[in-house]
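Labels for the chains are A, B, C and D, by order of writing; each one numbers its residues from 1.
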């Protein structure tokens, strides 16, 4: 018998895969961006399903609300048109599909064999998981955390320097 | 409950699709999106494992990945804007100063 | 400030003078350059005197101090160590004193030459290295000074580097010295290998404990001594490496006086005397030294007989006098050798400077056949030169009489073939007095063989004549230390040096009679030379037509031509046809170009992967990822690939 | 009946609540437009709508009918997917954001206890922010989809503006979060409850535990950022009619336009509710709980209001006015009396009453600002967001956390 959770999982997974596929098939960047947003939202749903509420929220706020908005913004700014289907790279044209499939297959097979024994993700209480997260973030991973802030600062400066018109 | 395997296989599939997009799209911005897609796939695996093992470390890493992705998006899009400005094209196959 | 404790001051001052003059002298007036050069040298002379005074007042204990480590590698240590003992005292005073006088002289002689500041900068640098050489307390530091003076002599010989002959002479001196230095270095290595140190103290202390080698035996000691002696022959212009010294006369006359007569060329003698402990343990080497010295003395004297260039005559005489010194060392009379070194420094410097004064007066003319009758015109120079001539000829009571006499005496006393050495030495003495008086006759007597209207003969200025007078006085009195030996008294000089060399030849009363006879013979020989010279070159002389022996001598036994044929041309041929055309062009360039071509070829093939197409690069990334993951996951995967069951 | 509820409550109750909420909110939106027009009209010394119904009370109805009946033209060369998707997205997100807002304390009806709101999630605040973050796509896609340079500029502006102000919006809340230590809006409100009435709200911060600290700075930052997030004056550049005809919805008409319209007002409501909850103690009464007399304030307000409306209606010459207004007045008055008579109902109504009172005040403030302030220039907007709002809210975070740390030790 299929539990409701499983149904939700399959729905979300189907949405995610659909989004990923349409990201490839769509010829217009903005449609690709929309499909990617779909993927992200469904992934956020999966996180909620697993009981990682905080990650889910951050996923939507940062990815959906900031990063992808930036993408769409840039697409609009550059007024990107429909992608032109040039095929200068024979290698990519003929070798692309099998290689990508091979890579995915390897990963999938390895994971399938290695993670069979794991228990299903248990949804621990949201606040508890969030609290645990913050504890780790400020105790064990405090230096990486601070370094990330520094990285972001550098990224901001770099973006400003890159994007400003030289005059 | 959903077995961890399902999540992980899903992430593997998404990752493969991301690689496919990475190889197949010609538009720089779309290729960049493909990279983001791969990152998301990895995040999914992270969260699944960390929830399965009952440790939050994986989620911490997801946070880091997201932060880094944000920074990367800022810089990368800046670069893309410059490229588009200079070569009047977003097709990577026209960005081939290195060719023989 | 006790100078003895800070010996480094003495060499440092000339170095400073050299640096200052070399860096800023170009813009300064001659006066400032003079004051810097003379000041540094003079002060260092005073410091040397003060140091000697402290040394003597301090019971003349050998002083030695290590100032700082220079090279320290494992057991090897070469430090900046200076030492001061009796031998060093003599050298120190000679170098600084004569050097100072010659500096003064130079200010007058060089007054109208270009490269004035360069000249003084080099001269001070030379003083620095020479002082390092004499003060050094180990072979390495001594070698530093050794090379340094070689460099300075090269620079000074080639002072007029626009003149090809000067540049060539400089190169010749440098290259010939290289050969000698090579031997010297080999000797040093051998010493280090056998004694584990290059410090004078340790080396001599260890060597003293060794068993003296027998005559005709070529042991470590002998080989080492011979190698060192090779260096000495190079530096002190002995057979067979003397050829550079006559050419070195291309340099300004003060340089010839200071470097190629008084100080540098005696460095070899000093080095041999310094390592007398080794030599006394290697009689074979001693014998070789004696023979070479004696041969050189005679050989050079014969060449000197017929030279027409006034400086060339003096140069060959220098070579032969150095031969005397080596003869002394060879027969174990190191004290006598050093004694002659000192007196020779005085009178040969005097002779050169006087010759310089003559040349100055003649306006650069050096050929004696174009002089004559100058005695009236330049009295001071004439008198001084006469003093020098009498001194070198060995008339009592002038300096060389005592020193040469003691050398010949020691040679006569030495066993296995001492008589022969004595005879040859005596013959050389006759020749010496002959060519010196020939020089006097040709230069100062007879009718003038130059054009009055072209050449305006004039006496040199005071700053040139005063040093002459001082040196004349010194070459008169310089030998009187040894005077008492004549009437069986003590030879003060040998006494003074005895702490260094040990009381070698004790001029006892029983040998006094013999010594009187020998000195009488020597004086007779000098007279013989004088008479012959006066007879041969009377009132009217003309340039001798050169044929037969005269021709042979005039062309210096064709030694240069011989060397050119035997060594230089084969070397040149080898370098051009083998080293250059085959080794360099063929092998080395071939290897280099081959590597480059190979790299280019590889790149040519590999660059096809660099399609410049970003998507292809993406595919390559994927391929790499597949490979890496395949390797990493292999243990997990292979049952899956080969249908294994989970 | 109660056992049915106990059995299927998890299914029935939400449906009912959703229905009620949607109805209420849509009506509210409609009359918000009426209110806005009226208020601005009076600010500008005009009458505003007063033809359709008394005081133009039926104007919203007329507008709705007009929207439905209007033709829906479709411009050439639009990106169909985006063009159609955008308004739905906007409206959907706006309505969804209401789902997690608690309008009052938990209530018990027929022995079935439920929360006063649709969903009671323990990360409701995060979800709310997530939804707000997605809100930008509606506008951006609309601007992009409807192949029009004004729309495109509007979309660009709004996406840039939203990214910029979202940071300030989120950061200004962190102070409150630090005090509450919880993402759940309900708990945040309960944390502000105290026997000192409004003094213990976050804006003043004298909560009884002494764990509070004044969030006045965060409050101001949040309000400004919220205005920008909802594209309201003075930050309504995406639809600056003087520069870009109507901004991102230039090409939209009839129902699609209505969706944008409703979406905007709904998000206004939700943001105001969030504002109230975070800083003004949500449904809490401004008076200490001990002042029981204040519980009768609803009746004390409703009865005179109803009587005045009744009286006002009698003076109307049109039939419609004569019928509607007195009826409305009577209903209001009766409601007041009923509340006075049935204390249980009165207790139930307390929370929502105060909540909607506060939200209404905030909304009025919105309208008031629109009537008063001029529009910012684009660069001014950006400078204000990045160079003033963001640093100030960060400073607020630092200050609050410092105070809390100091309290802890």
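The rule we apply is simple: contacts are C-beta pairs under 8 Å (C-beta built on N, C-alpha and C of every residue); 3 or more make two chains touch, one makes a residue touch a chain.
Given the structure is predicted, the values throughout are model-derived calculations rather than measurements.
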{"item": "Closest chain to the centre of mass proxy, which here is the mean CA position", "value": "B"}
{"item": "Chain centre separation in whole Å, for subunit D relative to subunit A (CA means)", "value": "32"}
{"item": "Centre distance in Å when subunit A and subunit B are each reduced to the mean of their C-alpha atoms", "value": "6"}
{"item": "Chain centre separation in whole Å, for subunit D relative to subunit B (CA means)", "value": "37"}
{"item": "Chain centre separation in whole Å, for subunit D relative to subunit C (CA means)", "value": "106"}
{"item": "Multi-partner residues of subunit B (each touching 2 or more other chains)", "value": "19, 22-24, 26, 93, 96"}
{"item": "Where subunit A touches two or more other chains at once, by residue number", "value": "54, 66, 70, 75, 77, 88-89, 92, 96, 99-100, 103, 107, 116"}
{"item": "Junction residues of subunit C, two or more chains touched", "value": "611, 613, 615, 618-619, 622"}
{"item": "Touch-based graph of the chains, sorted into line, ring, star, complete or other", "value": "other"}
{"item": "Touching pairs - complete list by chain label", "value": "A-B, A-C, A-D, B-C"}
{"item": "Footprint of subunit A on subunit C - complex, ascending", "value": "611, 613, 615-616, 618-620, 622-623, 625-626, 629-630, 633, 636-637, 639-640, 646"}
{"item": "Complex interface listing, subunit B residues touching subunit A", "value": "1-10, 12-27, 29-30, 32-34, 36-37, 40, 43-45, 47-54, 56-57, 59-60, 62-64, 66-75, 77-82, 84, 90-91, 93-94, 96"}
{"item": "For the subunit C and subunit B complex, residues of the former touching the latter", "value": "607-608, 610-615, 618-619, 622"}
{"item": "Complex interface listing, subunit D residues touching subunit A", "value": "79, 81-82, 85, 122-123, 126-127, 129-130, 132-134, 136-137, 140-141, 143-144, 152, 155-156, 159-160, 162-163, 166, 170, 182-183"}
{"item": "Partner subunit B, residues of subunit A touching it in the complex", "value": "3, 5-6, 9, 13, 16-17, 20-21, 23-24, 29, 32-33, 36, 39-40, 43, 46-47, 49-52, 54-55, 58-59, 62-63, 66-67, 70-71, 74-75, 77-78, 80, 83-86, 88-89, 92, 96-97, 99-101, 103-105, 107-108, 111-112, 115-116, 118-124, 129, 132-133, 136-137, 140-141, 144, 148, 151-152, 154-156, 158-159, 161-163"}
